[in-house]
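Each chain carries a letter (A, B, C, D, E and F) given by its place in the written order, and its residues are counted from 1.
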Amino acid sequence: MWSDGGRGHYTADVIELLRQVSTATVWTQLYRRGFCNQYLHEVRPLRPDTRVVGRARTLRYLPARKDLLAELERDPQRNPQRVVIESIEPGDVLVIEARGETGAGVLGDILAARVMARGGVGIVTDGAFRDTPGIVALGLAAYARGQHAGLSQSLHVPIAYDVPIACAGTTVLPGDMIVGDGEGVVVVPRHLVEEVAVAAAEQEVLEAFLLQRVRDGASLWGTYPPDEATRREFGEWRSQRERA
Amino acid sequence: MWSDGGRGHYTADVIELLRQVSTATVWTQLYRRGFCNQYLHEVRPLRPDTRVVGRARTLRYLPARKDLLAELERDPQRNPQRVVIESIEPGDVLVIEARGETGAGVLGDILAARVMARGGVGIVTDGAFRDTPGIVALGLAAYARGQHAGLSQSLHVPIAYDVPIACAGTTVLPGDMIVGDGEGVVVVPRHLVEEVAVAAAEQEVLEAFLLQRVRDGASLWGTYPPDEATRREFGEWRSQRERA
Amino acid sequence: MWSDGGRGHYTADVIELLRQVSTATVWTQLYRRGFCNQYLHEVRPLRPDTRVVGRARTLRYLPARKDLLAELERDPQRNPQRVVIESIEPGDVLVIEARGETGAGVLGDILAARVMARGGVGIVTDGAFRDTPGIVALGLAAYARGQHAGLSQSLHVPIAYDVPIACAGTTVLPGDMIVGDGEGVVVVPRHLVEEVAVAAAEQEVLEAFLLQRVRDGASLWGTYPPDEATRREFGEWRSQRERA
Amino acid sequence: MWSDGGRGHYTADVIELLRQVSTATVWTQLYRRGFCNQYLHEVRPLRPDTRVVGRARTLRYLPARKDLLAELERDPQRNPQRVVIESIEPGDVLVIEARGETGAGVLGDILAARVMARGGVGIVTDGAFRDTPGIVALGLAAYARGQHAGLSQSLHVPIAYDVPIACAGTTVLPGDMIVGDGEGVVVVPRHLVEEVAVAAAEQEVLEAFLLQRVRDGASLWGTYPPDEATRREFGEWRSQRERA
Amino acid sequence: MWSDGGRGHYTADVIELLRQVSTATVWTQLYRRGFCNQYLHEVRPLRPDTRVVGRARTLRYLPARKDLLAELERDPQRNPQRVVIESIEPGDVLVIEARGETGAGVLGDILAARVMARGGVGIVTDGAFRDTPGIVALGLAAYARGQHAGLSQSLHVPIAYDVPIACAGTTVLPGDMIVGDGEGVVVVPRHLVEEVAVAAAEQEVLEAFLLQRVRDGASLWGTYPPDEATRREFGEWRSQRERA
Amino acid sequence: MWSDGGRGHYTADVIELLRQVSTATVWTQLYRRGFCNQYLHEVRPLRPDTRVVGRARTLRYLPARKDLLAELERDPQRNPQRVVIESIEPGDVLVIEARGETGAGVLGDILAARVMARGGVGIVTDGAFRDTPGIVALGLAAYARGQHAGLSQSLHVPIAYDVPIACAGTTVLPGDMIVGDGEGVVVVPRHLVEEVAVAAAEQEVLEAFLLQRVRDGASLWGTYPPDEATRREFGEWRSQRERA
């Protein structure tokens, strides 16, 4: 199954729902379904106000090796890095496995600009970006573990794309849904996207209500987690809000 | 002594003095008294302009374990995390030992809001926050080693509160004074708070004077550390300033 | 050769060229000449908009040791930290080897202010700064691996200056050129400074052109790396720009 | 519950069963019961042929702090390190939380000898031993993360004993069962000890049978995991062995 | 090329040559040919007297994920871990990518025994073994970064075999030659095996001669590296030895 | 003072005293004199039964850089690594600063053999050895943080010798005394060698007595630390032993 290279297709509604929820909420819904390891550890947005929802396109790097690099140079059109970027479709997020190594960039501003020009909505890696100030300037959603001025080939060689990868301790399959905010990135397995989107949006409304209650002075007891009475009040508040 | 759960009580004057000094200055005063390890290593403010002074309330997490988590679920009112938050008093800073683990949040925006609603002035941990953008939005002084979308129970179980803890390589006793600025956090042992506050405020005035001299072109020789002449000039400058 | 304490002298033109290029571009030019390890790993600017170009003045710290610290206290005028700061010349960047240790500051705002007052244009270390908010306020270009409220002598003892050092995994010789931007810092060996400056400036123009093409929708194929046709168009674009 | 300081009591039979099984087998039985985190990460025996089964007695260290160390010096009889050692009973294993810090020993050969003289059967820590060659010579089961010639008080201060602790990423309650072999250490929660001991001993017999089959040339298919036929043969082999 | 799953075939002579050389010597020969990164960092033999030469068979693990594990359970015959082991041929070395994670075993003694029964000559991983004492007892050449009692599925899911992998910072292609000794493991790219084997054997003879000279009191000058005179003496020594 | 390149001279008596004490005991004597950081963190003997006492000769490596390596190749007789080895005198211990980097060897068996042939008694580094099995075979006292098949020039360039260095977090001056046992290595500043040797030998006798008492069943109370009565008995025991 995970080797078919297939890509998920998601409705605009689902994407819209996920745009309104935090990664913390999505994480919770995944955790309740037995997916405990869906957050990319220590991967951070270049800009704290970043928000991104998109389909994962994967790219795998291995440690640089002379013969493999030579082969790519002989035949650049088979370079998995270039091929996957030139196949980015609108709504895609490029996710790059860099083995957590931040001793060189995985790509710089020109490649990032190409991802963006093709309609890509983000780039995520457990490695580093180079030309980081340039990528910040582009305004593309971009998440990494570090920044480094070095070219990728000094440390990495791209080996495959649209294959299952490990990124920051999390498995990412092509077609999984990537959800990112100012906290970081969570990965939603393809078959759970719709279900999680709906449940997360639901949870988010409840938590907005609870947060307001707590800010207004409510004790945690009875409020968080909500007891019967609080849930009833939530129902009323919600009906009112929806009528409004 | 350190198991009595007692809590320090500090005058508004002392708190005011500490509000005007940097953590670097407080650190120096503690170091001179033989306390060499009072800075929380690699714990950073969510917002660089943060300043906080408050009494430490402690909470200890252990690695998550099924039987301990089940017990808390059966009897939430004995959950040390909830109990300590519901006992926060105005001026308290909640300090959470998370063993330096950033693979889950120690708490999120709703619990942080409750700390704030009860008059708490800050939260400090050597773990991670979740809902980090939400906590930033609250405006509460918040210091951590990381950020992670995961629920605390996926990694931690709260085991005790108002006990001595280790946080980021530093011992924190309940009732110690927490002083934080844009650099980080220092911990002032209870019996030294007043003495250190006075001495730090004194040092801060001297250093403001010396910094100005250096910016005006003074050589380090004779200025930093100050010799007799510089100390005399400082005395004059200070008298003038106080008369003004 | 590297023990002569000699210091490079660079023309204003060369410095001006290097001011206009990114560290990523400088890195590439060094890499092409067989210098693969010239970026300071995980050293970051205190302010992301930092830019600095200057001659390296080096300072080496060893682990603190009672007898060596006592000696410095007896004879402060032989303290290498103070001596090197008091010998800073306009355009110098002070580079401090701290063995990657961030458990104390390497210096604070007063010493940083002195570097600045003497015409120094930056401070770089693989350790931590103390008084970090104060250093940010000074506006001096400053790069480090961390921040810590502690005095340097709690962890370090200065042992020598204007000697070859290791900083963040990179060798720095006195007189090398330091180039920093929002990404980080690269070190240009003295004998390559002019050659690299010219080539980097050249490369930067080409990349600006290519980036614009890609943002305008050009495919990577033929553009990046540029083929004959693209290079020709670049030539025309450039002539036009220069005529303008 | 976990604050009662109570201590488990185990029959000689249970201890004998656990002596015959590997930590890998015990880990598997705990994992099946939802306890996923019972192995002490990167804690190794001083001697690879070590085997130990015993009741956990816990000791907690915090980062050294001048006032706490002074207090212990004034009243050594309240030093938790000394008190817990002087209360070791036959069959106990002393487990010391050192926060993973290996920059000083947690104890040396004289204290280890005292644990042994009182009938203690092992010492486990996520810190370091000092006098390691002396401890090896004693022959006591001893597990640690490192070795360091330094006295504990240069880094640690003992703060409590017979309390829940974290050791190498695992929660240990007083009275839990410690099982160690050449691989490392697993912690069995008190209420599971008997059940796990029986199941582990059972599993060990099956795996000995399977290992022999595989060494004799059996394919994994049908053997590991065992299908019906293999299980039947195991039954027969076992009956024969028991009759013998 | 590297996705063809092809496997190298090596003559007994080449294997015999490689058996007689150290990994340090093989490393040198690879380095001279521009392959600078062929040693598996921090991967150690379970037994210091280990020596192994064999063809790499690769296995890739990703972080455990519920849906992928469920799929393997439904259809164990498609489990890449089991399939690759059941396809081991005499002279193969199984190399397992575990992302450097040592928080669970990659396999235990039963699977190791199966590798051995099929003629496999070694197992190498950048993760941990479980049942380590059992694997030591088998006597199979085994290299890892750690040891852990936990089952692989608590941390890993096997995703593919006979694909290019990263192991301990080094790229390994199926069919590469693995050479291990008491120091560790080097990877020889397929197309260089014969050439490197011959050159390494040659170098080893020279170094044996030089080592003897140095032990007999020769100065490094002229001996290491050898000058004309030393090379001449080596020629004579060698002729004599070959005549003997 | 520390740049004079002077070398300590020690009597055979002092060396003999230090041969009989453990590094733990030496550490204690240094700690009492305010030297808190004299143990080389995580540096281990290749063979656990190693014992070494000798005068430090220092060698400093920097990160490899093309121009510096080229210079050494042009003029090998100025290579600090070779020069220091060819100046080793009987009783010297070569201590190599490798910045804690274990990604290449600092030297291999031929250079180690030369150190030994010149009367050197040990080699210590915070990097790795290569040809580790060969160095073990030589029988020279050898301490390191790791082992790696790679040549030093792939990571390091020797830059100076007989200068102050940092090794594994500890400052080492040329002429300091190196004391190593199965636990690791401590560094004794030159001016303290005699005083520490005498005090350590004294302490060792007392601790042997105390250890025996504890093994015979004595409680810690009154024994460790020893009270008046225990000290008196020690005095008698000692007199008897000396008379014997």
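Definition applied: contacts are C-beta pairs under 8 Å (C-beta built on N, C-alpha and C of every residue); 3 or more make two chains touch, one makes a residue touch a chain.
It should be emphasised that the depicted structure is a prediction, and the values quoted were computed from it without experimental measurement.
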Subunit B and subunit D share contacts with none
Shared interface numbers for subunit D and subunit E above half of all numbers used, same, or below, different? different
If every chain is reduced to the average of its C-alpha atoms, which one ends up farthest from subunit A? F
Based only on mean CA positions, could you tell me how far subunit B sits from subunit E in angstrom? 50
Using mean CA coordinates as chain centres, what's the gap between subunit D and subunit F in Å? 33
Where in subunit B do residues touch at least two different other chains? none
Pull out all the chain pairs that touch, please. A-B, A-C, A-E, B-C, B-D, C-F, D-E, D-F, E-F
Mind pulling up the subunit E residues that touch subunit F in the complex? 22-24, 26-28, 31, 36, 39, 41-42, 44, 48, 181-184, 186, 207, 210-211, 214-217, 219-221, 224-225
The residues of subunit B that touch subunit D in their complex are 1-3, 33-35, 37, 62-68, 71, 99, 157, 159-160, 164-166, 169-171, 189, 191
Touching residues of subunit C toward subunit B in the complex: what are they? 76-77, 82, 85-86, 102-103, 105, 108-111, 113-114, 116-117, 130-134, 136, 146-151, 154
